[in-house]
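These notes concern the structure reproduced below.
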């Protein structure tokens, strides 16, 4: 399993894609927002936390199809399915590798981009925290979506369609935490719920992902 | 290790392809599968490897004793030959990739990224993977595609050595490899187009 | 006959229109698909039947 | 597909495609007749013969479309969930196909509920749309329907498609419930509470109650009718596919 | 050329993807925005026009890799390059087909989604107009990006990265028109500039796209 | 139509592969290209078809007289056989697809989506495309892959008819098709590993 994680990380760094591109997309979405909604801070400030969460979610989304598709195409997924590790473990490791190369950099970059959108001062801490807690759920849910669509040609957009409604609860609680944080409001409840969602998806969804992979390999 | 297959039936794309396949492969022996294109060799091997459920019949031992080499090699273009092999070795809990590199004449290529290999070299790397799994039963689906004669000889020698150590192998191929063991022609096991069994539960439909 | 809908006539009527249009569209679509597959299946079954009888004759 | 079948010994045998075709063929005309009557009576009663509400004016007539369609939309998803579970556990093809057949009907009902709600919202709340939790969760439900149908359409192999969509339906159901709670937490909302509860106090007044009930029956009948028609289509399409594949093999 | 257009349209309808999915993604981005920034119309109204433009741009972007990749993979692009029509014509037709299956539906759907975001009443007309004028430029620019990245495996995210900066001028003027329209401000200048950009890209970029395709086929 | 190739040099992946290739193909004749894997057959054909520039040398006539059938067929899985062919015909300004369908025994498959064809049938469709281009010079890269013997005969007959009508053809293949014309072995044209020409501008660099 550690070998698999190492390999996936090496691949995403060496293929010159996985790692930098999600981050770049995040940067670009955030940069384009002022062009789209207008530059004045009165407009930007209140939506900053939300746009950052939305941008993180979208960049996460766009890198999902790399989680399994490459391994499926070159036959490595079949070999992993017959290897002496459970497919649930493979699904978990894949999600973890995705988080390490996408969710984690996004979380670390978010404060810097918050400056661009005039995020209010107290919001930075909570934005980072909410992303740190919420993005693992995004990766796990995304792995499930990728597992469902792995057999399809150009399943990319279909994958987005399937995954986005599943992202709704995470997005709501995550953005709520960041928003309340920025306004200095109490945020224990949404924070607890966000953590709960992440833990529950981590515990349960790998089974569904493994089942979907098995069905797709058949 | 011995392999027993009894009365196996396989389905592909929703259609029954093979029926009533039975054979034994004693340890130290190989079985060569033959049959025209589309008869179901790949389907049978995938079923044996546990990638798809059998419609009927039994296979012993289960997938955990079996290593399967399909048409695709599953190696990563940006990783080097040694990195690819090491990955598979660690995944299967073994560690020494030297013998596999030597057996398939990959030592000179060890540090080349797999993507820069020629087709035959890629194939050799795919076959070398089998040696590092450490599993007793090897399944090959047309292993000699794009190999030149020298490499075919390397492959046959590697399988022979595996058989000599008490392993067994099933090879679907169109050419003669000179392996110890029998040949199974699959054409007789082709599934009949099902009659309309009005009593049967699902047949009524499919 | 027509009830007096007051100032909300447009809203009420358009709600009814939208609903009935969507339901009819779905119904017609389903019926058309049904008719299509039904006739296509009949054709395939007939072809099979014909083949089976031809084969039966050849055998007998 | 017309031979006589022995009497079923278990309920599950109705999942035999042949028996399903026979049974559904026999019931179809009755369902169609009942649905037509209920829809015409209910809608006509509601539209022509009920008084205006003292607060809402004539817009209250929209309730006869809005509430039944909303209820059917939710219950269609529940039915798909049950059918998916039956498919996964007992592998009856008809139940997978019934789930497939239900999705477009459910999606249409969701669309009707959204559209009539939006039309109703304009006079009542002064906006076509508000991010009320009930409304929003309907929007999310609509997205689930879209994704579910797109997945069915995208996968070539029918059994694979049935399996994967069933998994999606189950996971989606959990997330739909989760979204509902998230949305309630997120925004308190403007929407009406329950109007058809058994508690007499809460209920809409009797003038609106009976036509609403008949409309509800009509919408449910419409749903059942379409499920039957569409499932029959799917069964036939499936058999045709099997026959053609068999042809190709010989 | 008409044969090519017809084939591309038939493909995108029949493959059951191209057509509906960009629209679905647009719907989803717009739907998620309130979850991220909060539900009250005071926040949503002023950013509605911008978010709609941003959403249209992103959905456009995500469908770009279908423009050429499928034809490249199955060898049809090579055959088109040796067919007796200029490659510039092929690039133009591909962009046109992309617009018809993406930009046009997005334009038509935008007003309906404007309702969800509480777009102010006078904005609807200008939003639609600006999208109708601006989306062709998005398709043409996107075809150029697709031509640049067509030889790469999973060039999807790299494609986004290349295309997004090229989209900036279109986005600025398009969103400006929609925003000013929503606020009832004068908008002749951005509208004229938006039209100018579209015409210029239409006239010039197909040559660049054709050159890029030629280089990638080599 | 006659084809002239003089002193052609081709590059692949930044490396010079072939050098000094010269040949003539008179009209009514075919040329068969032979050579081991990786020698540069595909590279040569792509250069002739105008898909990549020649490093040196000349090819007449240019790409507008040439139809090229590569490893890939370029047909769309969701369009039917007739729709695919009609598309190529209209693109090349011809219109009658009947003869092509007949020549390659595709009439029974006319309304089938190309995606549901078997590999050999797909290949036949790809070859039929050449007939609707109406161009005089045909280039084939391993055309008989996955064809059975009957289909190979169909293909040879179609090429013969094309030659009989004054066309010409160049075929890279490993099997004997019995076509009218010569054979060119590519091995002697293999490019030398470049010396260090310190004066030459590019050589020093590569």
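Going by the order they are written in, the chains are A, B, C, D, E and F; count residues from 1 in each one.
The rule is short, and it goes like this: contacts are C-beta pairs under 8 Å (C-beta built on N, C-alpha and C of every residue); 3 or more make two chains touch, one makes a residue touch a chain.
Since we're looking at a predicted model, the values are computed, not measured.
> I need the common contact partners of chain C and chain E, sorted by label.
D
> At the chain A/chain E interface, shared numbers over all numbers used: above half (same) or below half (different)?
On the two sides of the chain E and chain A interface, the residue numbers are mostly the same, over half being shared.
> For the chain pairs E-F and D-E, which is connected through the larger number of C-beta pairs in contact?
Spelling it out, more C-beta pairs touch across E-F than across the other pair.
> Tell me which chain's centre, taken as the mean of its C-alpha atoms, is farthest from chain E.
For chain E, the chain whose C-alpha mean is farthest off is B.
> Between chain C and chain F, what's the gap in Å when you average each chain's C-alpha atoms?
Whole-Å distance between the two chain centres: 49.
> Quick check: how many Å separate the C-alpha centres of chain A and chain E?
So the centre of chain A lies 25 Å away from the centre of chain E.
> Need the CA-centroid distance for the pair chain D / chain F, whole Å please.
Whole-Å distance between the two chain centres: 56.
> Indicate the whole-number Å distance between the mean C-alpha point of chain C and the mean C-alpha point of chain D.
Those two chain centres are 18 Å apart.
> Please output the residue numbers of chain A that touch at least 2 other chains, ranges allowed.
In chain A, 158, 161, 164-165, 168, 172, 218 touch at least two other chains.
> Quick one: which bits of chain A touch chain D in the complex? Just the residue numbers, please.
It comes out as residues 144, 148-149, 151-152, 155, 158, 161-162, 164-166, 168-169, 172-173, 176, 189-190, 193, 197, 205, 208, 211-212, 215-216, 218.
> Okay, in this complex, where on chain B does chain D touch?
It is residues 13-15, 193-194, 198, 201-202, 204-206 of chain B that touch chain D.
> What residues on chain D touch chain C, complex-wise?
Chain D residues touching chain C: 43, 47-48, 52, 57-59, 61-62, 65-66, 69, 104-105, 108, 111-112, 115-116, 119-120, 122-123, 222, 226, 229-230, 232-233, 236-237, 239-240, 243-244, 247.
> Please output the residues of chain E touching chain A within their complex, sorted ascending.
That would be residues 17, 21-22, 24-25, 28-29, 32-33, 35-38, 43, 46-47, 49-51, 53-54, 57-58, 62-63, 65-66, 69-70, 153-154, 156-158, 160-161, 164-165, 167-168, 171-172, 175, 179 of chain E.
> Per the contact definition, I'd like the list of chain E residues that touch chain D in the complex.
For chain E paired with chain D, touching residues are 16-17, 20-21, 24, 27-28, 31, 34-35, 39-41, 115-116, 118.
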